[in-house]
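Multiple structures follow.
The two complexes that follow have chain A in common; it is paired with chain B in the first and with chain C in the second.
On to the complex of A and B.
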């Protein structure tokens, strides 16, 4: 029994870290992996999703519907931004970093001015269960399921729908896709919106577990970037396995030495990985496939 | 740039104007101006790394913070007698530079390129911030210096110059302003020489086409690492001076918002030329300072908007574009 609770505890922590990494990096991975744009306003899309979720949930909507509202709101804002700013910067990756950074500053401070330094959140649903002498929040299990479901959903979307085929074609050979009659500008807009929506979804899913402050996006951003860097350009071959590996590192280091060492471990992992495989995991996997 | 009588005439005029400025102003404004000068080193360092070498570093505040803390720890331990604060300054700048070389080694020898440099440096900064924030307990002390976690360190001595009639303590004010001005001029001229020398040409070549530069037989990794180390040392100089100026440093000086600041200055000022970077940074910092005084909470919004505007309208930087336009107008008039 002792052994069982220990194993459960470790698995639980691993699942928790895995879910956090996958959910928080999915949107980033779509925007970066498919479009090659580094979106430093990613954390702010997450914040937006969390705020809308909390607001609609307290207005009386059921939590899953509220989370959906959060994701949709972030997606809508993302598409507007793509139309007004990002569209002009696709051929200038460095400048797109700066522009999204500027947007992130405006968003954080704007929310601080409009809504104040903090916002009333929603409580964690589902309660907790006890095993051994510790208790575990059931909602964390839901998050793990959501992470797995998210990966499955994205896989279906990109590999088994018409939109997915067109989107991948557009991103790989824009000129060719345009020649074949694809409205590439629309596809770029939709893909960016999808990434922003996924960020909003992350915010919505984690809204019940966090304090709602305008800078809450910053807690996600480092780890999601680390995951994307380790993973490389492909979401399925890269980001998902990267999240699993990083989750093991983070969970074990956090369990043994505390939060800080978990973070430092992630950083060291990223530097080592880039040192030995610059293209990230997905490049290695692809080479190996051939 | 940096050669010929026109450059030197302009240079002398600017330095003279800066030198007589305290005579027409009160001590408080001069202290403020000194504060702007403290930051210019970090901006110039980023100008070298990003503008000349093409590696966008989000991590300049990591070296800033590291050197700032190092200055605090060293001065608290060795005191300020005999002008030892300058030794502390040199040591902390060296530490900042060495740390930058280390990070640079891993990045450039690991062939990290483009946007990934930004991500790695940003992560370094944020991890360092997290680390310093949790050093609140009494076990986190180096010698007699407590690190104090989130509250930051305070009470370190300002720079002192040993003098015959007792030490001159450089509190914020006219004396410090002159010392900083001299340092800015020295660093600027040094960078100007370095960037006009073959070293600078190689950096620009790497920015324009790394593969071709490598084919010509240059070890671009070495040059990038050295440039990054130089940028880190300059950021460290800003950090140590900042700590000496305010006798205060906190982990938040490495946080996300702080990390954004140097990028805003350099992006808005113009990164392709160290002169534009310097002038632009001073202008943006000064403008920003007055914004924080008159409309504190909107300052960051304006800054973000300024960034987006710069990127969309004048990608080379506002000051650099202005300089080019003026140069073209005067160039026509001279002909």
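On to the complex of A and C.
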């Protein structure tokens, strides 16, 4: 029994870290991996999802529906921004970094001006379960399940739907895709919207566990960039295994030496990875596949 | 000849009368107060209200004729919760705007960022925040509460009520580290033990591991010295994991009104020592809240920093009027007399000439399950004694240093 609770505790910590890394990086990985755009407004899409989720949940919607609203709202804003700003900046990576950074500043300050420095959140649902002398939040298990479900859903979307095939074709050979009659501009718009929606989903899922402030996206940004950098351009071959490895590093260092070393461990992992494999995990896996 | 002598005498007499009647003739312009507070960024929730408190005090004083007949003019900059902004704006208010006094700072990191600049230009700054204590600096006047006021009351009370095993959870920078040192020392002095101590980097928002550490530690209560919006996520997560331990804090509720912002019961059973919050039920407090809301009807919460800022302006007014000028040496001479006191929203407070810190009545606020506030205990007039007892005496010399229990001032 003692052994079982210890194993459960370790698994729980790993799952918690894994879920946070996967959920916070998915949107970033899609936009970067598929479009090559480094989206510095990622945290603000997360904040947007969280705010909409909290607002709709407080207005009386059930939490899962509210989270969906948060994701859809972020996706809609993402598609509008793609149409008005990002579309003109493809193949100009530096300019798109500046543009998305500007968007993030406008979003944080805009929300601060419109909605004030803080907003009342929603309570964490589902309560807790006890095991031995420790108790665990059940919602954290839901987050882990959501992370796994998210990866499965994205895999189905990109490898088993018509949109997925066209999207991958557009990314790999845009000229050829256009020649075959694919509306690549529309695909780019949809992909950006998907990435923003995933960020909104991250915000919605974590909204019940966090303080709602305009700068809340910033607490996701380090973890999500670290995961995408370690993972490389492909979300399945890169981001998912990267999240698993980083979750082990983070959970074990945090357990042994405390939160500070968990953070340091993540950053050291990035430095080591970009030094020995500049393309991230997915480049290595792809070379090995050939 | 005689006539002209008379006339000269008369002129001198007249001039003398005018001079005596208006001692501030040479400096008749407004008194300029620089205000550097975080109106945006990580700390905005707790600090935007400080600016409003300063505006309220300014309006009341100006409506009543100003300080010694001179109106107050505010020079306000938004420091955006960014320490570099503090340095930039502190230089600007002291050099360019030439303010007479500055009201500045929320986090201890920001205070330590601007303090060298205040010293460099020999300015005078009010720090109106509760903090980890220990700043012995003639250029600083501190109206916020310090550990001997907040912890020496809170920790023994908690140990008596809940038990001697204490777990400290603190933000990993000077405020958290030094405050945790205070807690450790007080726990050991009272015969308790530290069940654990953990420092959290600013910006960390996920606490599963920390929550398990606490559950394994057999602590009787948790001292939370978490700072900023991200770290505040701890309470919701601890509640969801059903930690169920009472909490003690010097920073929550009194600053960031977490009991209003968070969904009940995530802050239930939290005990906070504060020198002011708007729930305090006294005529002075009720009156203050009414005047405040008359000017700022949408104010989300009136916290202890708002009261301290309000008191700070009124203390400054009194010192300038007694000194007859805004000259810093003259003001410090008034301060050294030791009876600079004010009957404010939190009761009567006085500045201690040795440390230039303020005495406080300390209220123990308890957050109930529905997040309403009760006050199980009050301690009247706690002096900021530690610095003075330890050897800081600003009437004698000015070390411009910050001391901690483990590195106290050199023996006098």
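A few remarks follow.
The working rule: the second predicted complex is superposed on the first by the 290 of 290 C-alpha atoms of A that agree within 3 Å, B and C clash if a C-alpha of one lies under 4 Å from a C-alpha of the other, contacts with A are read in each partner's own complex, and residues count from 1 in each chain.
Please note the rule applied: contacts are C-beta pairs under 8 Å (C-beta built on N, C-alpha and C of every residue); 3 or more make two chains touch, one makes a residue touch a chain.
What you are looking at is a predicted structure, and each value in this text was computed from that prediction instead of being measured.
For the composite obtained by overlaying on chain A, chain B and chain C cannot both be accommodated without a clash.
When both complexes are overlaid on chain A, the residue A:18 reaches neither chain B nor chain C. Shared-chain residue A:270: touches chain B; no touch with chain C. Of the two partner chains placed around the shared chain by superposition, chain B and chain C are both touched by A:112. Of the two partner chains placed by the overlay, only chain C lies in contact with A:136; chain B stays clear of it. After overlaying the two complexes on the shared chain, residue contacts for A:209 are found with chain C alone; chain B is out of touch. Of the two partner chains, chain B is the only one that A:102 touches; chain C does not reach it. Looking at the shared chain after the overlay, A:51 reaches neither chain B nor chain C. Contact with neither chain B nor chain C is seen for A:188 once the two complexes are overlaid on the shared chain. In the superposition on chain A, contact of A:218 is made with both chain B and chain C. Common to the chain B and chain C interfaces on chain A are residues 109, 112, 215, 218, 222, 260, 263. Of all residues in chain A, only 38, 85, 88-89, 92-95, 97-99, 101-110, 112-113, 215, 218, 222, 225-226, 229, 260, 263-264, 266-267, 270-271, 274-276, 278 touch chain B in the complex they form. Residues 40-42, 44-45, 48, 172, 198-201, 203-206, 208-210, 212, 215-216, 229-230, 232-233, 236-237, 239-244, 261-264, 266, 300 of chain C are the ones touching chain A in the complex. Residue ranges on chain B touching chain A, taken from their complex, read 56, 106-107, 109-116, 118-120, 122-124, 126-127, 130-131, 134, 256-257, 260, 263-264, 267, 297-298, 300-301, 303-308, 310-312, 315.
Within the complex formed with chain C, the chain A residues making contact are 9, 12-13, 16-17, 20, 109, 112, 116-124, 126-128, 130, 133-140, 208-211, 213, 215-216, 218-219, 222, 251, 254-255, 258-260, 262-263.
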